[in-house]
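Heads up, the next two complexes both have subunit A, just with different partners, subunit B and then subunit C.
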Partner chain A sequence: MKIRIIFLIIIFVFNNLLASEKSLDINQIYKNLRCLVCQGQSISDSNSDFAQTIKLVVKDLIKEGKSENEIYSFMADKYGDWIVYKPQFSKQNFILWIFPYIVLVGGALIIFHFIRRKKG
Partner chain B sequence: MQTTIKILTLTFFLFIIGIFYLSLNKEKSYNTKSLVGKKLDKIILERFDGNDFLDVEELKKNDFTLINFWASWCGPCRLEHSTLMILNKTSKLKLVGINFKDKQVNAKNFLKELGNPYHFIAKDEYGKISINFGVYGIPESILINKELVILNKYIGPLKDEDYSQIIKTIN
Partner chain C sequence: MLSNLGNSLLFLNAIFSFIIIYFSSKSIKSVGETIPSKIFKISLIQTSFVMSCFFTLVAAFIISDFSLVNVYENSHSEKPLFYKIAGTWGSHEGSLMLWIIILTIFSFLFLIKNKNHPKNYRLYTLIFQNIIILGFLFFILFNSNPFATVSPVPKEGLGLNPILQDPALVIHPPLLYIGFVGSSIYFSAAMASLVTDYSEKQFAYSIKNWVLVSWGFQSLGILIGSIWAYYELGWGGFWFWDPVENASLLPWFAMTALFHSVIVLEKRNQLYFWVITLCLMTFILSVTGTFLVRSGILNSVHTFASDPSRGVFILIFLSLMIFSSIYLLFKKYKTSNSFINSNSKETFVLINNWFMLFYLLTVLIGTLYPIITDALTNNKISVGPPFYNAVIFPVVAVFLFFMAIGPNTKWIKNKFNDIKNFLFFLASALVINFLIVFFFKSYTVISNLIIISSLFLIISTMFDLVKCFKNSNFDLARITSHLSFGFLVLFIGLNHNFSIEKDFNLKVGETISFDNYEIKLKRLSLKDFSNYKAVIGNLEVKNMKLGEVNILSPEIRIYDNPSTLTYEAAIKTNLIKDYYLTMSNIDRSEFYNIKFQKKPMMIWIWISVIMLSLGGFLRVFKNANNN
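Moving on, here comes the complex of A and B:
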């Protein structure tokens, strides 16, 4: 009985994983790509010629079986990180990603030190 | 402790000033010149008036290739056409034209009127091919070498200084 339940759970988990992989939200991808020839618009919001072409290319990449991250990497490779609203972690931007955590930990340490001193 | 705080505060302000200094001196206008130094992807181009194909790998036969993105409806393409006609006479350089979102009949009329500087013309009916080259508007030109490495990217119509730079590079 136990084996059956475990077996069913495994099938359920795998099904869910496969389903989440297959159902790429194309609109989400459009929203995460910046329209380079527009003023503050995403590919999803824009009707410009450039946005229309990018939409066609994204559709083709999905048909080729590319994942969401692979699509972002492809676009960033051709147009630089600027095209992606959330740039991926790289050598150039690692300070940007790490800095808030450094400030957080540093701040916590300073506060901790002050409290300890006050108590002492 | 007081000294540590002072040093930390000073370091923080210097860091902020440094970031501002670097950011304010950065070029504001967006371009895809970051592609310079990168190698072209494997792309197959379709001839615009036939069933012939050109594998980008074949461009390795040329010392240098200038890939130019153009269309008959594009005004600035008309402006740079005379420069392309002169570049066509350079033996070390081959010109590949990618006809961008254009009607074949209009493109042919354009070349009939102004001359055909290209050694191969490919079609990009929907603009999808051009995305592989990081193009976001035309005219744009990409100068590559034998190893298919991008040597320079010219955004907008080719100017006199661009012409001089191309000649300097290929010689």
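Moving on, here comes the complex of A and C:
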């Protein structure tokens, strides 16, 4: 049994050794920026002039050597938080990011409690 | 004339609802176990009147009766007949007619289909359902009347939004509405069950098929919406975590949790109050979704011309529903002293419910949070795909493991003797994933986990299938749904990881090469259609590695009524992949902006969802045969 489990762990590690963090993908950045003049579209999906302009700005920022997160902060400073689809982890958005995990842990505790209590 | 007819029918329906409520409450007080036949008759008349009312509106659209505001705003005399008819539910007012129809038909069917259940339970269900019907009838009559008139009568209509001029408009809203409006019937039944203290097992028995039917239609409705978004909106995706998409997903999670725990209630007589809570929650979430979409609070691709007064009405209705159901639930709540063993099927159903609630609440907070921050701090934020992907995906991987193990446990108590099998499945999943990574492309750790867990679910469910064939002990419904869910996640994972996307500008005659592809914009042609003009591109996509050549023809359409520009994607589908290409003009230049995408396994994503809902329908047929 032990050997089998060790074997499984080894293949799993091999699986992940090949895993790569994607290199800076410009389309991914476009997808995470909202087209402010459209109805619920990212600048990657939009044909509007606004989207074209922002795409050029992003290209320039990448040339300047900015990282993905720096680009998002730049955009949020300039156009407001509305433009980034991934809300930054800040005081204001704390609950948004934490709440799902509270549900996850809370749910586990409730189930655990429920099952054990009934036993006794 | 049609306006008067429609309004009278609506008004009569409201009266029928009052009569049904009156007779039902009178009959509840009387002794005897039979429901008076007049209640059946009035219910039947009500249903046929609601249908006539709906067909009156359809007729107004067919003959282009522009004296009705709704027809004037959403139709045009030169539009193809097909879209005139579908345009009936293309607007806010018209779609409410679909609401009423489904509410009424479900009310009638529930009444006649549950002959074996006690009189008072059926009558209370009828009363609650008719209160809901009345609420929506008032909403239609006093706020969103599709039969409102305009004077003087306009000569021509404004036309239907071109994005809506699509065959999907014919089926997407009805399917989705059968799903989430259908959930009203088990909301009413749950309220009735609380009021009449109706026996727990029997209650599960009376609602389970209704839950499955609404779930099956909800799944198909969401699917059609995704396919429509995929080919129409020109971005090549099928799910954007748009608030309106989320609104359709919330009741879906609740329904999924519900039909799993209903089984526990039916077989083990446990979790009664939890099942009731889920019943109430499903319809409340459906109405919440409607509120968010129709009030115009949300920014989304599904914007009806919105109007705050609608929001206020739905909000009042919603609050009444929430308060009355919570009040009733607390009044009747009793702690039960049942026994649940940690390693039993009951526990795994609870685990399913735990994950469903996690998805539900995550999507709910993601959808509502921007509204809350906007109201409290005046700071508008966006919560989009990156948030959901980051929070939900890792959890899905864990969920799939439980989904594979759960069905193999037994009721009440189980000994783990399948552990060897599961280790074998896990090893196979790991090896297959390794092969994919090794021969094609490596991807992130999260993607590894998702694909491994979906393979684990697929392999173990297939193993169940083989076992079932041997024992001829079929739970084909469950196997179909679990297997297709595994495939769904697998194909979405592969699609996500192996998509290629390229954005570039071309002039006529130019060619661009990248990776293994060579794309040439050969020519453009101009064509006239009955309701639009189109610039049609002719692009040659060459895959150098496989030596295959495809011609794709994206369009830029110029609609007259109303005058709008839309971009139609060209899609070439085959069994392994889709090529997806859109073209748009760039102002003051002879260049065209071309977006090319290769999307692997697209067709299998659609097929998986169809199979998923098929599982639900299979269970309904099986239940019906057992009765």
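The rule is short, and it goes like this: the second predicted complex is superposed on the first by the 97 of 120 C-alpha atoms of A that agree within 3 Å, B and C clash if a C-alpha of one lies under 4 Å from a C-alpha of the other, contacts with A are read in each partner's own complex, and residues count from 1 in each chain.
Simple rule for what comes next: a residue touches a chain if its C-beta (ideal position, glycine included) is under 8 Å from a C-beta of that chain, and two chains touch if they have at least 3 such contacts.
What you are looking at is a predicted structure, and each value in this text was computed from that prediction instead of being measured.
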item	value
Partner chain(s) touched by A:K63 [first = subunit B, second = subunit C, both, neither]	neither
Touching partner for A:I111 - first (subunit B), second (subunit C), both, neither	second
Partner chain(s) touched by A:L36 [first = subunit B, second = subunit C, both, neither]	first
Which superposed partner A:F7 touches (first subunit B, second subunit C, both, neither)	second
Which superposed partner A:K91 touches (first subunit B, second subunit C, both, neither)	neither
Of subunit C and subunit B, partner touching more subunit A residues	C
Partner chain in contact with A:I54 - subunit B first, subunit C second, else both or neither	first
Touching partner for A:G80 - first (subunit B), second (subunit C), both, neither	both
Contacts of A:N27 with subunit B and subunit C, given as first, second, both or neither	second
Contacts on subunit A seen with subunit B and repeated with subunit C across the two complexes	49, 80, 82, 110
Of subunit A, residues touching subunit C in the complex	4-5, 7-8, 11-12, 14-16, 18-22, 27, 31-32, 34, 39-42, 44-45, 47, 49, 52, 80-87, 92-93, 95-97, 99-100, 103-104, 107-108, 110-111, 114-116, 118-119
Touching residues (chain side subunit C, partner subunit A) in the complex	233-237, 240, 242-243, 299-301, 303, 337-342, 347, 350-351, 354, 357-358, 361-362, 365-366, 369, 373, 377, 379-387, 390-391, 395, 423, 426-427, 430-431, 433-434, 437-438, 442-445, 447-448, 452, 501, 503, 567, 584, 586-587, 593
For the subunit A and subunit B complex, residues of the former touching the latter	36-37, 49-50, 53-54, 56-57, 60, 78-80, 82, 106, 110, 113, 117
Subunit A partner contacts - residues on subunit B that touch it in the complex	1, 5, 8, 30, 32, 34-35, 101, 126-128, 130-134, 136-137
